[in-house]
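Across the two complexes that follow, subunit A remains constant while its partner is subunit B and subsequently subunit C.
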Partner chain A sequence: MYSKELKIKNSTGLHARPATQLVHMAERYHSKLTIIKEETGENVVGDIKSIFSILSMGLMKGSMILIQGEGDDEKDAVDSICDFINSLEE
Partner chain B sequence: MIFQGISAFAGREIGTVLRINNALKVDADEKSHHGLNQELDTWNNTVAAVLNDMEAERKQFLKEKQETKADIVDIQITLLKDRVFQDKVRFFLDHGYSAPASITRAVTWEKNSLLKVKNNYLRERTKDIEDMGNRLVSWLAGYRNVKLPGVGGGTIIVTEDIFPSLLMEIKQGSINGIILQQGSATSHAVILAGSMGIPTLIQCKAAKDLKDGDVVYLNATSGYVEGPLSPERKDSMHAQLVFYHRRETDLSNSRMLPAETADKQRIRIMANITDVAAGEKSLQMGADGVGLFRTEFFFMNRSDLPSEQEQFECYCDVAGKLNGKPLTIRTIDIGADKRIDSLKLEKEQNPFLGYRAIRICADHEELFLTQLRACLRASAFGKICIMFPMISSLQELHMAKQAVQKAKRQLQMAGQAYDENIKVGMMVEIPSAALMAERFAEEVDFFSIGSNDLTQYTLAVDRLNSKISYLYDPLNPAVLKLIAKTIHAALKTKIVCSLCGEMAADPLAIPLLLGFGLRYFSMNMEKIPLTKKLISLLNVDRMEPLSNECLKAEDSDEIRKKLKTFLGDGYWEWIS
Partner chain C sequence: MNYYIEHRTEQLLNTLLGKNSFVTISEIASQLGQTKRAVQYDLQKLNSILENFDLPLVISRKHKGIYILPENREKLKTFLKNENKGINFIFSPDERTAIIICENILSEHVKTVDEISRKLSISYNTCLHDIRSIKNKLSPYEITLKTNSGKYKFYGDGIRMRSILMYYISYLYPIIETGKLPYLKNRQTQQNLKRLHLIESEIHVVYRLGTLNKIAIFLMLCKMPLKEEVSFFEGSRSGENILALVSKYFSNYSENDRRYITVQLMGGRIKSRQFGDVTNEESHYYQTCAEHLIKSFENMIGINIENREMLVYNIAKHLSRSIYRYRYGLVDTCELDDKIRNDSKYLFKFVKAASNCLSKELNCPINDSEISLLTAYFGAHLRKNNLSIRKVHVLLAVDEINLESQILEKKISDAFPMFSLKSITISQIVNYSKPYAFLISIRLLKYEGLYVYISRQFTDNDHKHIFDTYLKYRELKSLDIPEDLFDHIKRYIPHENYSAVRKELLQYFNVGSRSNLFQLISKNNVQILSQPCGWRDALKKACFPMVQNGWINKEYIDNIIMNIELYGCYTYFENDIYLAHAQSRNNVYRSGVAVSLIPDGIIFPGNKRVRLLVVIASTDQYEHFDVLKEAVHICNDTKRIDQIMECKNVNELLLVLKKIAQTKY
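The block that comes next holds the complex of A and B.
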């Protein structure tokens, strides 16, 4: 298992278009990929290969999240997903 | 009949109403009559076929370089392929529901879970989910092509709310307008309508009374639709429309010229902006720079405070796009009415007179210094001016100026570059500041009159309370006296004075302000082309006596009367 923590910096958060791109990216890897958001002591977990799952987490600017991968290409997958989220602008 | 709505994309057109029903009605309780295996086959075939259609659509849009449309289709493809969604449909199929009922149930389920999210932008995405579901059930019902019947030149679509897929089929220029009984400015369909240049009215509930074939006049600029029109009324509106379109072309063509009065006085027209993208756009609208950059957006809708680096990058970004024109950054103007999550502000009885803006900065020194350092660092890369809101006393101004000095020292120690001569100014929006304007003018590089707050504080009228809105009047002679006093103090001390409230673009107020000696106006960028035109029709020499006379008036009615008689038809034909 491999994971990385990061903060969402773009102003509209993980809205439909970036979430779509994120799903496309995650689909290229075999690993199980999850987003974990801590919310008032309770963790909310989402599947990065599902757009419904990502959208319903309501991730906005400033949200701290953990990207976690489990599988043979976990490091590659988590690193490229983090790079992608960090590169979001608008 | 006039039906009021909210403008989502401006424009005026005459057209024939075409009412459409978006979604097929599906009985969500319908049970399967064919058994599970056959329903599963139907479902799998439908998904494959609809996906196939959507992929083809997306490729076509990409080929035509219609990226916005291609992106929206791509989002819907991803929604349809989604395992969570497909599992949900299968769950309902397993429970004996028919394929259309299962799709409808899964869509409702996912829609409801998205509606729980606190972010309005994300909530709007439920429309994309419904649209995707509608594609599926339409296909099941035998519709292979959802092309709109009856769309042709001059159609105005009237409906409750619209799906993006419907608009995607419409060719640029083939419809005159869209009227939605509901709708939201941030939904994909409405964004798409804007990008296609279609005048769009939203939240026009009364439009349900319009019928197919009614001829209507849509004025999405002022936010209403008139109809049905009689043949005579249609002819006269048509003549007006020709006039409006010519006027708009004229304004658009002249917007890049420098603003100048008829007697050749150079006037600067600046933009009020609230986000990064608006900086560049304001130049395209003909702005001479940014007179007010509201930085509150930075602090809202997020759970942490923005860092110095983040703010610095943003200010540099905006300043860089202004080609050396000034960027006036107003330090945060937050308070109990504009709350932010990261500062736990208590609810107040009287937020407009409460703990807000510079008063919060006074006891959150690090918050204030962080923003000031970011502004200063950006001044090494562009023409930045710093402006303090809500200054009511000299002590407050001294506190703020000392903070700027402290931020400068901190940057010096850290070896960071900044413009040593950066201009520092203040908003004049509290009567005490206007009354003391001569004294304040000695201490700052510029004034910016916040006429909205100045009006509400002078007249003790809450500008958000509709019951007393008739009392809220920037042309009240008491307000005008404070404005004139502030402008005169700035002229006497030879500092720059601008005005950044709604008044700056009010056709009645513009001549008065010119007469008082105002030479810098800051406004919403949409208003810039018209304001430049109006200014070009006015003579400063003739406005001065008029303005002085207005200061002696008893009330604003008298002032309005004076102005209306003075300004000729040549002026008024640009307005309305």
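The block that comes next holds the complex of A and C.
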């Protein structure tokens, strides 16, 4: 298990276009990949390999999220996903 | 003699040549993204062509599938290579109209009917028919097709004509890639492509596969200078930069055209103003568009979307970033295109039909890649809102709530999406007061009621098996009791309270959550229509038993007819089935399904032949969505549908339907 915490910085958040890119990227890895967001005391968990799951989390600018990987390529996967989210501009 | 092989048939042969063992029809169907029915149809066609050429056939074996013997492969490969010797490729009507539009909409040499029909090897009359259907297809976008001394010419807004050209290039692109349409080999396309790649490397960007190819083909086909101004990237540095490069490499194009190419190359990097920053008027506009889209979707599916404002907000936001893409016909695709289209076929179909209405309002086409993104919003929203209401509330008892228990919870809810799980510790069970359907525990409990015991050592499959067995057991216990009871007591209940009482009963017996309307089918609701009639009359006849039983009133039939007139036959399945339904507006008193078999078939709008008419009515919109999904599954099941179509009388039909009802989906 490997995880990293980060904050969504781009102004439009993780909407459909970047989310599809993210899912596409996650599909290349074997590991089970999840996003965890804390929302009023309760954890919302999303599967990074499912577009419906990611989009329904409503990840906006400023959301603190935890990216978690579980599997043989977990470190690679989590790192590149964090890099991707950090690199979003718009 | 000439034989014609369609793109799809050839694709099937090619796929089969790549397989080293038997494959089932459904495997092929899912690989090619087609229905099983279509694959079976193509297989028949393929074999008859091979027979005519005295070539070895594709063999099929029961329970194994289809296969080309290794010793025959070489022969068939040579056959495919010699495509020009006596075998030609033909296009489907939709492909043909797309080709005619692409080659003529912005061409300076407009063609006569004779020239078009010769080029596509179709008859003069077929060509006229195609031209008529093109006129219909383009009229919502205010593009007209007029003849001038025998030659056809397109008139309309230049930017809109370009976005239509782009739309149809994307539509034809899978065929273009196979080389059957020679657009990519074209010398001019190749030159354009070279220049576009130079620009690509100068701005240090890597475009997605196919994007530049499509733009290069567009430039080859687009011969008319753009009159309208393009002013989309004022003040953007990267825009000015690309424009300078485009001007350098495409100096023979007009200023407006160069700007148009620049917009294409900028793609997603055009900074539209953020939703929060747009003027009130603009944000109101996007909200209205989103409202329209959602309203059409609701009418079609027949449900009200829960937490609607949230979806309106999200889609309005998405549209504020996307409408310029529709307007300019941007072709860069989204990465999950095919995945969304295949994984959520039915949802995509409905969103596509709803987007059609939006596209007419916006006056520009919306391509499938953009529709998959809209589908993603609908899917995410339904997953979070509407569907959770239909979920079975399940308690998961664990020793301690920690990361490990969360992973277990996640595992179970992944395998069983209809469970709404809540973890509690074993000691909390006694005091838990909220309603739940059943309890799962990872320990043996001292507990009075029923619970499901699972072990950490079990695999996901074991869990699946256990829950399946348990759910079946629960269902057997409660099946049909409330419905039978309702039938007995309904004469004592005022008509207007029917649905409330029934709902109460279902809830009491706890079956509401897994209802299967096909289980409720009775002989009264099944008929065979052998008298020829129009589609409206056929619908009325199909609904008649339900009206007679007092399940629906006539208004519901009018709603169904209106839906077809407004949105077309969006729940038509390629195997001649039409799923008729509408949103209940207090005109459904009891949920039910009526099935009519029409042996000779009836033509519905859009030249669609219907042989099986399934009418769905439900009082509860959540149930409606479930039944619709279930019906879509059944309609896609070729084997069962074939059985239905072969029925000769009502008794046989009822028997087959009952059998289907027993199967779990």
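In this text, the second predicted complex is superposed on the first by the 90 of 90 C-alpha atoms of A that agree within 3 Å, B and C clash if a C-alpha of one lies under 4 Å from a C-alpha of the other, contacts with A are read in each partner's own complex, and residues count from 1 in each chain.
Basically, contacts are C-beta pairs under 8 Å (C-beta built on N, C-alpha and C of every residue); 3 or more make two chains touch, one makes a residue touch a chain.
A quick note: this is a predicted structure, and the numbers were derived from the prediction, not measured.
Legend: residue contacts after superposition of the two complexes on their common chain; A:9 is shown touching subunit B, with no touch to subunit C. Look at A:86: by the touch rule set out above, it reaches neither subunit B nor subunit C. When both complexes are overlaid on chain A, the residue A:62 reaches subunit B alone and has no touch with subunit C. Of the two partner chains placed around the shared chain by superposition, subunit B and subunit C are both touched by A:20.
Look at A:49: by the touch rule set out above, it reaches subunit B but stays clear of subunit C. Residues 11-12, 15-17, 20, 23-24, 47, 51-53, 55-56, 58, 90 of subunit A lie at the contact with subunit B in one complex and at the contact with subunit C in the other.
Against subunit A, the residues of subunit C that register as touching in their complex are 268, 271, 274-275, 314, 317-318, 321, 334-336, 339-340, 344, 373, 376-377, 379-381, 383-384, 406-407, 410, 414. Contact residues on subunit A toward subunit C in their complex (touch as defined above): 11-12, 15-17, 19-21, 23-24, 34, 43, 45, 47, 51-56, 58, 70, 90. Residues of subunit B that touch subunit A in their complex: 71, 74-75, 78-79, 82-85, 110, 113-114, 116-119, 121-122, 125, 128, 188, 275, 277, 297, 301-304, 310, 342.
Interface residues of subunit A, counted against subunit B in their complex, comprise 7, 9, 11-13, 15-17, 20, 23-24, 47, 49-53, 55-58, 60-63, 90.
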